[in-house]
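Scrolling down, you'll hit the structures one after another.
You will see chain A twice below: alongside chain B first, and alongside chain C after that.
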Partner chain A sequence: MVQNSSTSIQGRMTTFSPVLGPVVLTALFAFLFFAPMMLNAGLLFWVGMTMIQAIFALSWNLLFGYTGLASFGHAGFYAIGAYFTGAALRYDFQLPFLVVLAVAGILGALVALAIGVVALKRLTGIFLAVLTVALTEAMAKIIGLSKALGEQDGLGNIPRPIIDLGFLDLDLTHSHDYYRFLLIATVVTVAALWWVVHSRLGRSFRAVREDAERARFVGIDVARVRVISFMISGGTAALAGALSAPWTRIVTLDQVNWLASTQPILNSLLGGFTSFWGPVVGAVAYTGINYWTRTFAGLSEMLVGGILVLVILLAPTGIVGLLGKATRRIRGNGGKK
Partner chain B sequence: MTSQAVFVLFNGLASGMAFFLVAAGLTWVFGILKILNLAHGAFFMLGAYIAFTVGGAWPASIWSFVGVALIAAAAVGALGYLTDQLVLKRLRNVDYHYALIATFGLMLFCEGAAKFIWGTDYQAVMPPPEIDRAIVVGGSYISLYTLFVIGAGIAVFAALEMIMHRTWAGKIMRAVSNDPWMAGTLGINVPMVLMVSVIASFALAGFAGGILVPNQALSPHVGASFVLYAFMAVVIGGLGSIRGTFIACILLGLVESANATFLSQYGGIAIYVMLAVFLVWKPTGLFPAQGAT
Partner chain C sequence: MMKRRTVLKGIAAGAGVTLGMNATYLRAQTAPIRIGASYALSGVGAPVGTQMLAGTEIAIHQINRDGGLLGREVQLVTRDDKYNSAESVAIAREFAGDGINLMLGGSQTVTALGLAPLAPELNMVAIIVAAAGMPVTHELFNRNIFRTTANNYTQYGSLGRTLIEQNPEIRTWVSLAPDGDFGRDSALFFGRAVEKYSEAASGEKATVLDTIYTQATATDFRTQINQLMSSQAEGLYLGIAASAQISFFQQARSVGLYDKFKAIGEVGNSDITGKALGRNTHPNLWSICHWLYNQEPFASNPVSQQLYKDYVELKGDDFPSGQVAAGHRAAIALFEGIRKAETTDTDEVIGAMENLSFESAGGPVEFRTEDHQMLGLNFYSQMGPSTEEPYFQFNKVTSVDAVEMIEPANPGQPFDINELPQ
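Up next is the complex of A and B:
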């Protein structure tokens, strides 16, 4: 039932009606834009982290939901971006902030290219999963030994940037200002990903996921498409990390271990990997669960773990899939074809 | 120099056998179910906590220590039955991604439950008094507990080899592992074989928890570090092959131990290099199992 591609495509098409989508998105943007005036500093921090986690989850789902490859070491890319940006700001590399972000993304994409060229052709399935986990762990070990990157203590005291646009300076040192920059960066990134998955390239991703053999017959270079998807995904994950460094103002090894790699997986599945917006919904739901259970040791893991198992067993298309099913039922065709 | 080499050898063998105690159940269940159980380390951790709760921090003798480990094995085996009925049974015919992610959820659940029941503080368990001392071998101090772990690993390996290659039950297991459909048409109760394998694998994890608990600071995260080594061993050895996993564990243990002694400023990195080399050189492992993806 899980691999049934026709239901997954149907879910993607019918989840949001053409009118509802833009209305929801506009309302969401308005709420997020005025959030600094309504929420206290603690809650605002959680909202900012949710946006970063949403980008991170979208980057993972581009690989899994669209191209059919699973990376279990995605935190490695996130950490590349976070550590590079942290170091660039802390040691003042004399680069404009936007360039720093771009370089972070390119670094992530280049590492993805290297892994893709060496491993993606030879390794599939569980071997790829274990390799990505192991590479991330190795990176954590190397960072843990590097003095410039703060060894086991992490890189702290990261200053927030000032963007020089030529005619005016955008001072992002106040958290409200950085928050708004983060919001705009999130919107731009999500829009770019939306464009990618709805372009010709995105269709070739899906063709490879559905049936690599047939995709090859119609002239798609499967290996190349997989590497490109891996690069976009890795670059976007690095960008999420890069955006996080000035927001949290500290980058630690907790963001590099293999448990951190599972965060985007959780969010994507919870929200529903068959929908473009699923990972975003999942990131919001996950932050909510964590926020309400944060004072009870162990409870949040039990809840998240339990929910994850239930989602896989009962509703593999996640929250968005359930919503889609519910709307179809309300409209009267009972979800049947 | 000799004393250092002896030290590296024994320490390496001991960590290798510790990895194997965890990896044995993992590779067994993979061989039969084709599911890489990410929650395996969490059940190992539960076994360690159960042993700590039943036996206390100061085991009276080596016999009670082993007895407690067997109780932990039985308890975790029972949990395995429960898990199989509730979760794993439903994952038999789905894409491996879903199985990986579901067992990951299971792992989170177990870690959360352990935090809930036992708290997040570190606990310590002593080795039993008979083996809580060191002897001198080749100019180097080797603790008897280290030798005990090596012995336990070899014993478990020998037992599994005997069962898999010398008994009727092992033959049935291998038949089901090769081709479950064909085995079913020959009148083998395949669901039963799958269930027994899961219970045995979980019991092995619980036993490993009981035996290895004196080795480390016990916390709800103790499983995560071990299971990563176990995964690496299973992948290097060839998924589902107990022999391959055994050899890979010894290699990993020796490389890790040599790395810690001779290149301590880069501690812990050599095994990842080794894994990467192996995956590129032999992408399907030392002893590729049939049907492994």
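Up next is the complex of A and C:
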């Protein structure tokens, strides 16, 4: 829990110039948009996976970093989106792709609501952690017995969609086209999450995280706020899974286990859970380590593990926190606000 | 009238362009042939993947020692798929981006299922080295993939046939398998073959009891052992693998299961179980056998002999795993396809491989044209305890021809055992 976190999330970005942020983001978008022309197909695939992992990690951190709740079975929500979208495309549900994505997100949110209702009074700490782990395990069992979902082998050969806009067919069957769709979907999702955490609702999330009793005293319905946060988080994780299915073209039980649930946690801790952008930076760092060590079998796991230990011991606010500290030091205030 | 200097300049420029083009062409014709290999080299799949990679590396060493392929050196580009489908997808894309159109991969079904649908999009020839899942040559089939191992139906049907033919006196059989599609299917294929071949073996149809299920990673088998001990069966198919299988044997032995069951067929642990149990190995334990260098027919096979010799020389180990032969066979299949096509062009190599036959460590093999499934002999070994180190030994190796045990080719359609003649 981060209820007593001494580092406030609000105001973190004030470390950087207000102009620099939009410039960096615009340049990054331009680079990513033209990446298919510049990058090897393998690297491009990992860039796409990083965007998906960034959304997944942001969804987890909305819960942990902003509301003070920990989910150890977030892969369950991701899998709901991935398997639903995989099945919708593979078996041709006759639904427009954008509707498929929306339904996937809603399914994730509804499952989060169901869990939230069950644990409404105690939706915190170990209760939520156990329930989410149980959800993931139950889903793995159900999928493992479902022939239509590929049982243990996974659901393969998922076709990429063609989006019918009425006046135009958006053909995403080529990987470059789907990549650009993925990029735009990522930007929209990240922007939506940014808006949520900076809205009145986001402030109530933080109030609950900082001190639930005090938040209740000032009139915030703590249980309701926690359930809403959990629903947004679950729905966003499901959306990340939904976007991944046509990208990888296969969904397997690898994505429905406790190990997969540790991925957004790892990315958030690595990048810094106290910052909105921390999970994104963590996802990029994790992919970078994996990619540059790909010729050394087993090295990436050791490196990631080692770096994570170092980050937790030396820089608990992650890479973003470390960068912030360095920036402040360069500006000459000794790293103090 | 054109000046002489202008004419000379033109000729010189033309010669330069022609020479440049020829140099590019010649460089392409003499540059190394790059082959990608994507195996599970870390994580739970590593014990199998690293052995397959060793076999592939030896095949590369052998072909280069013999002067290369089409007069060109062969280079291996290796990646770790981590037993993960997303990794296998990324690796295939990376290979394609690097201009590699020939690859070996799919050391397990989960990675093969990620790789297979991509091969046409990437214009790649993909050799599926060891994934036995039925979808690879059925609903996920495409002309760019070739499988160099037996599928599950052939493998476990042949194991069932071997067990009943070698032990015709056993009239009642039962299976203990993990509760998943692989466990259910392998037990079903085993049981159907036992029923089918029992009449020919002993004149009477054997009884196959309902399969008992467990968890693939279970460590406590007391309930299942109790069920087995109280059943009428004397023959057993054991579908649990790796360390779970060893735990099962350790627990089963102490309650007299070895006396009750006269023969056991296991899923594929082979010498792993023998090494773990030693003197406590079941006396009539049958396994899927990929390669046993010192047993016939491998011992007198020249490809097998050379593979063993090179393995010892390159790896400094006298006891290779059977999986080495799988990686070796897959590489040879690709080499022979390139040699026959006389080019590395994807379409030409696919065309050449569709009716290719070649020699492997286990004898001659060929591809079935319709679904690119490899056909050849599948081997089964019988082992038991020994008084000498390592306190277990292989006593016998038998074979079943895949042609007799394979389902009709039905590429593009899901496999259904109930649609086959029983």
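One rule holds for everything that comes next: the second predicted complex is superposed on the first by the 317 of 337 C-alpha atoms of A that agree within 3 Å, B and C clash if a C-alpha of one lies under 4 Å from a C-alpha of the other, contacts with A are read in each partner's own complex, and residues count from 1 in each chain.
Please note the rule applied: a residue touches a chain if its C-beta (ideal position, glycine included) is under 8 Å from a C-beta of that chain, and two chains touch if they have at least 3 such contacts.
All values derive from a computational prediction rather than experimental measurement.
Student: Do chain B and chain C fit side by side on chain A after the overlay, or clash?
Tutor: clash
Student: Which of the two partners, first being chain B and second being chain C, lies in contact with A:114: first, second, both, or neither?
Tutor: In the superposition, A:114 touches no partner, neither chain B nor chain C.
Student: Applying the document's definition of touch, where does A:153 land relative to chain B and chain C: first, second, both, or neither?
Tutor: A:153 contacts chain C only, not chain B.
Student: Touch test for A:309: chain B only (first), chain C only (second), both, or neither?
Tutor: first
Student: Looking only at contacts as defined up top, I'd like to know whether chain B or chain C touches more of chain A.
Tutor: Counted on chain A, the partner with more touching residues turns out to be B.
Student: Just checking: does A:23 make contact with chain B only, chain C only, both, or neither of them? Give me first, second, both or neither.
Tutor: In the superposition, A:23 contacts neither chain B nor chain C.
Student: Does the superposition put A:269 against chain B (first), chain C (second), both, or neither?
Tutor: In the superposition, A:269 touches chain B alone.
Student: First (chain B), second (chain C), both or neither: which does A:248 touch?
Tutor: In the superposition, A:248 contacts chain C only.
Student: Of the two partner chains, chain B (first) and chain C (second), which one does A:298 touch, if any: first, second, both, or neither?
Tutor: both
Student: Touching A:99 in the superposition: chain B (first), chain C (second), both, neither?
Tutor: After superposing on A, A:99 lies clear of both chain B and chain C.
Student: Run through 59-67, 77-85, 131-139 or 239-247 for chain B and report the one that clashes with chain C in the overlay.
Tutor: So the stretch of chain B colliding with chain C after superposition is 131-139.
Student: Across the two complexes, what residues of chain A are contacted by chain B and by chain C?
Tutor: On chain A, the residues that contact chain B in one structure and chain C in the other are 145, 297-298, 301.
Student: Which residues of chain B touch chain A once you look at their complex with the stated criterion?
Tutor: So the residues of chain B touching chain A come out as 36, 87, 90-91, 94-98, 100-102, 104-117, 119-120, 220, 224, 228, 231-232, 235, 239, 265-269, 272-273, 275-276, 279-280, 283-284, 292-293.
Student: Mind pulling up the chain A residues that touch chain B in the complex?
Tutor: Of all residues in chain A, those touching chain B are 2-3, 64, 70, 72, 118-119, 122-127, 129-131, 133-135, 137-138, 141-142, 145, 258-259, 262, 265, 269, 296-309, 311-313, 316.
Student: Can you name the residues of chain A that touch chain C in the complex?
Tutor: Touching chain C: residues 39-46, 49, 144-145, 147, 150-154, 156-157, 175, 248-250, 252, 254, 294-295, 297-298, 301 of chain A.
Student: Mind listing the chain C positions that touch chain A in their complex?
Tutor: Residues of chain C touching chain A: 41-42, 46, 78-80, 84-86, 89-98, 109-110, 113-114, 116-118, 121-122, 133, 135, 139-140, 179-182.
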